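After this come two complexes, each holding chain A, first together with chain B and then together with chain C.
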Partner chain A sequence: MDNLHIEETKYTPEILLNTDGTISLTGKSYPENTFEFYAPMIEWIKQYFTTSPATTTTVNMEITYFNSSSSKLFFDFFDILEEHSENNDITINWIYDEENESALEAGEDFIEDFEDLNINLVEK
Partner chain B sequence: MQSNTLIDEITHLRDEFELTTNKLIKDIKRHDKIMARTDRDQLRELKKLEARLQEVEELQQSQKELLDSFIKLIASAIDAKSKYTGGHCERVPELSLMIAKKASESNEGIFKDFSIDTEDQQRELSIAAWLHDCGKVVTPEYVVDKATKLETIYNRIHEIRTRFEVIHRDKTIEALNKKLNGENATEVDKWLENEHKQLQEEYAIVANANIGAEFMKDEDIQQLKHIASKTWIRNFDDTLGLAHEEKKRVLQENSTTPQIEYLLSDKIRHIIPREYFDYEQYEKMGFKTKVPEHLYNLGELYNICTKAGTLSYEERFKIQEHVQMTIIMLEKLPFPEYLKNVPLYAGAHHETLIGTGYPRELTIDDMPIASRIMAIADVFEALTASDRPYKEPKTLSASIRILSFMVKDQHLDKDIFKLFLSSGLYKEYATKYLKPEQIDEVDISQYLKL
Partner chain C sequence: MDIGQVQDLVENDGIVFLSYGGFLSQALISGMTEALEKEALSSDISMGISNNIFTIFIELAQNMMNYSKTQHKDCQEIEPGGLIVVSKDEESNYYIQSQNIVSIDDKKKMEPKLIDVTTLDKESIKKIYKELRRSGKGTHNKGGGLGFYEIAKRCDHIEYNFKKINENKFYFHIKTKINTHNKIKKDK
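On to the complex of A and B.
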């Protein structure tokens, strides 16, 4: 399978999905239609785990601002990661700015919800 | 076997149902979390926005204050530059606003649709009034152009008087020569006495005309021309001691000596040419006042023959030019929408109701009430001001009488004039700004009948 790269726009993040197991989302997340926007990413990650995942997968997420449907989508995304956490060494780095309370709170919500996932809160 | 399959299926369905239920419960819990977090986010955003709004408001306020200070800075520069204007720029806005507020309260006649209630409208009028004379910043002062040590604003009557003195002595010498030549001493003395007497009389005529208090009739001008044609002999080179510009003009004349000179003359040197005048721009700005050919004409006979007042045609234009400058300067400023009338208000304070004013020769239909109010405020302040070194302040009644003449001539608005009187504003203003000795009784009933 191929790597997937989605360019950053004013309201959507840059998304890098590499078959070597490095994944990153960087920027803001206010898509007009969130589920449509992230559909290729969700499709890719499902295929990644079912075909040829790397032994370790590192997800760096640095989403400064995001709407509530993006929050919902990240939960769904983490659900998929959690499903495969037994067979794959997955690390999620939730990167936030020290002054961004909202991003910190979201990161805390994710940790609370996904006991089996290794989520690190990384202050910039 | 069959029942086992059924049990398996039921078990399977139950498990699936449980899974779905769990997923639903999880989703609902997540949803609640997201909602709670979104609510907190919204509150934070709202607080941030409020803080920014406050910041913007504070910035706006300080910008307003900065603009006001700039306006006052310009106005006080004009007032300070010329002792002829005193506190004029400061009092005209005050008086204009006083009248505008009264006009706003009134629902009669022309004031029916006039209102200046909002802070923005008052600000617009106030700024216009503060800046109505801002063009005076560029009115030339002799100091700026002073080219020689002795150059000054100079009343040339002193120079002309010196020439009378010269002729006076010439006559005395002529008389002594006559006696030396053996003419009858008694007759020569009588002749000299007559000549001297005539010179005194003629000088008094020239000196009186110089003041400009009386209107000059055609016969007065003829008489001045006759006196001016008297001659004296100049023995000194009058091209010495001059700066470049003046010398250039003087060298166009015949300056060999001795030279017969007229007592009062109009010479080439007296004409200051008009250079670099943009007639196209002038027309584009809608200025209608006729532009004099020369910048200045300093001719002695020309000036002494000025029919009314002391200003020549060229000088009157130069003075009137300040309103043009006011308009040009203000129209360059990017006023926000609510201040867009500032140039219009400020630039129309010397217009009349019948197209005889300047610089655009507007008529009543083109003159907003605010401009007409400023026109009255401008004249009334100038008449009553006690801080002008060149004139005695007028009494309240005399000032209002002059206003009434200007109303009759349709130079000032009748309705605003009457409102100014009937509302008692004239008294209010007088109490605040006039000296006690200026304030006298005014019979306003005669003017309210106008």
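On to the complex of A and C.
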């Protein structure tokens, strides 16, 4: 399985998916067609867990702002992570700027929704 | 669309710093969002409020891009477009509003959500948002059906109306207000 790197654009984040278990999404997220844009990432993560997951998986999410369809997509992404959290050591770092209270709230909402996931709120 | 309508929309709301009428594309939305980022940087509103403004703007603009049924008078082709205006008043309340043409079927789909977001309190809106996001009930090929709830979570007031054009078409106008009082940037 190969690493997957998707470059940042003005409206989509940089995505790094590494087979060593380091995953990151950094930037803004309001694609024209969200589900289509993230399809390769979702495909990759499913394959990663079914074939060769690393001992620990760390997901760093640093999204400044995002539209509602991205919110739905992140939910579905976390849902996949939660499905595999019993057999894998998964940590999610929700990284936000100290002044960005709306990003903090979004992170808190995900924590409420995914009690079985280890989500840390990390202030920059 | 008549650009003169911009004046009617913002009559009492002070300074307009972004207005656009016409065809909408992702590239245009992204360019306008960048312009809003510049405006926000030069004002003293917090990053959280700024991001709420960008998100509401993006939701409204992408809604119009995906659903607007604007039709040229002289041709049959339907293209996505409408009118979007961002303004602020003397007390630094921000207003984001849009107007576009929708079909009667879309009106019927939008109305229950619009009634929710204009009548329920923030806690109830958040609850519906989270339920919809979890269940995926509103999910369609373009999104999660969460847009109006996303907007409601991030603003202080929403008004909307539908104005009949003919049996099948309506002007849909929505106005959102973001209050920035007591939310100014923290001193570093």
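The definition used in the following text is that the second predicted complex is superposed on the first by the 124 of 124 C-alpha atoms of A that agree within 3 Å, B and C clash if a C-alpha of one lies under 4 Å from a C-alpha of the other, contacts with A are read in each partner's own complex, and residues count from 1 in each chain.
Keep this in mind: contacts are C-beta pairs under 8 Å (C-beta built on N, C-alpha and C of every residue); 3 or more make two chains touch, one makes a residue touch a chain.
Just so we're clear, the structure is a prediction, and the values are computed from it rather than from any experiment.
Of the two partner chains, neither chain B nor chain C is touched by A:E86. When the two structures are aligned on the shared chain, A:D2 is found in touch with neither chain B nor chain C. In the superposed model, C is the one of chain B and chain C that contacts more residues of chain A.
In the superposition on chain A, A:T64 contacts chain C only, with no contact to chain B. With both structures placed on the common chain, the touch criterion links A:E101 to chain B and to chain C. When both complexes are overlaid on chain A, the residue A:K72 reaches chain B and chain C alike.
Once the two complexes are overlaid on the shared chain, A:T34 sits against chain C while remaining clear of chain B. After overlaying the two complexes on the shared chain, residue contacts for A:E115 are found with neither chain B nor chain C.
Comparing the two complexes, residues 68, 71-72, 75, 101-102, 109, 113 of chain A contact chain B in one case and chain C in the other. Partner chain A is touched in their complex by these residues of chain B: 26, 30-31, 33-35, 37-38, 40-41, 44.
By the touch rule above, chain A contacts chain B in their complex via residues 68, 71-72, 75, 101-102, 105-106, 109, 113.
Contact residues of chain C toward chain A in the complex are 26, 29-30, 33-34, 46-49, 51-52, 54-55, 58-59, 62, 65, 126, 130, 133-134, 136, 139, 141-144, 146-147, 149-150, 154, 185-186. Interface of chain A with chain C (complex): residues 10-11, 30-35, 64-69, 71-73, 75-76, 97, 99-104, 109, 112-113.
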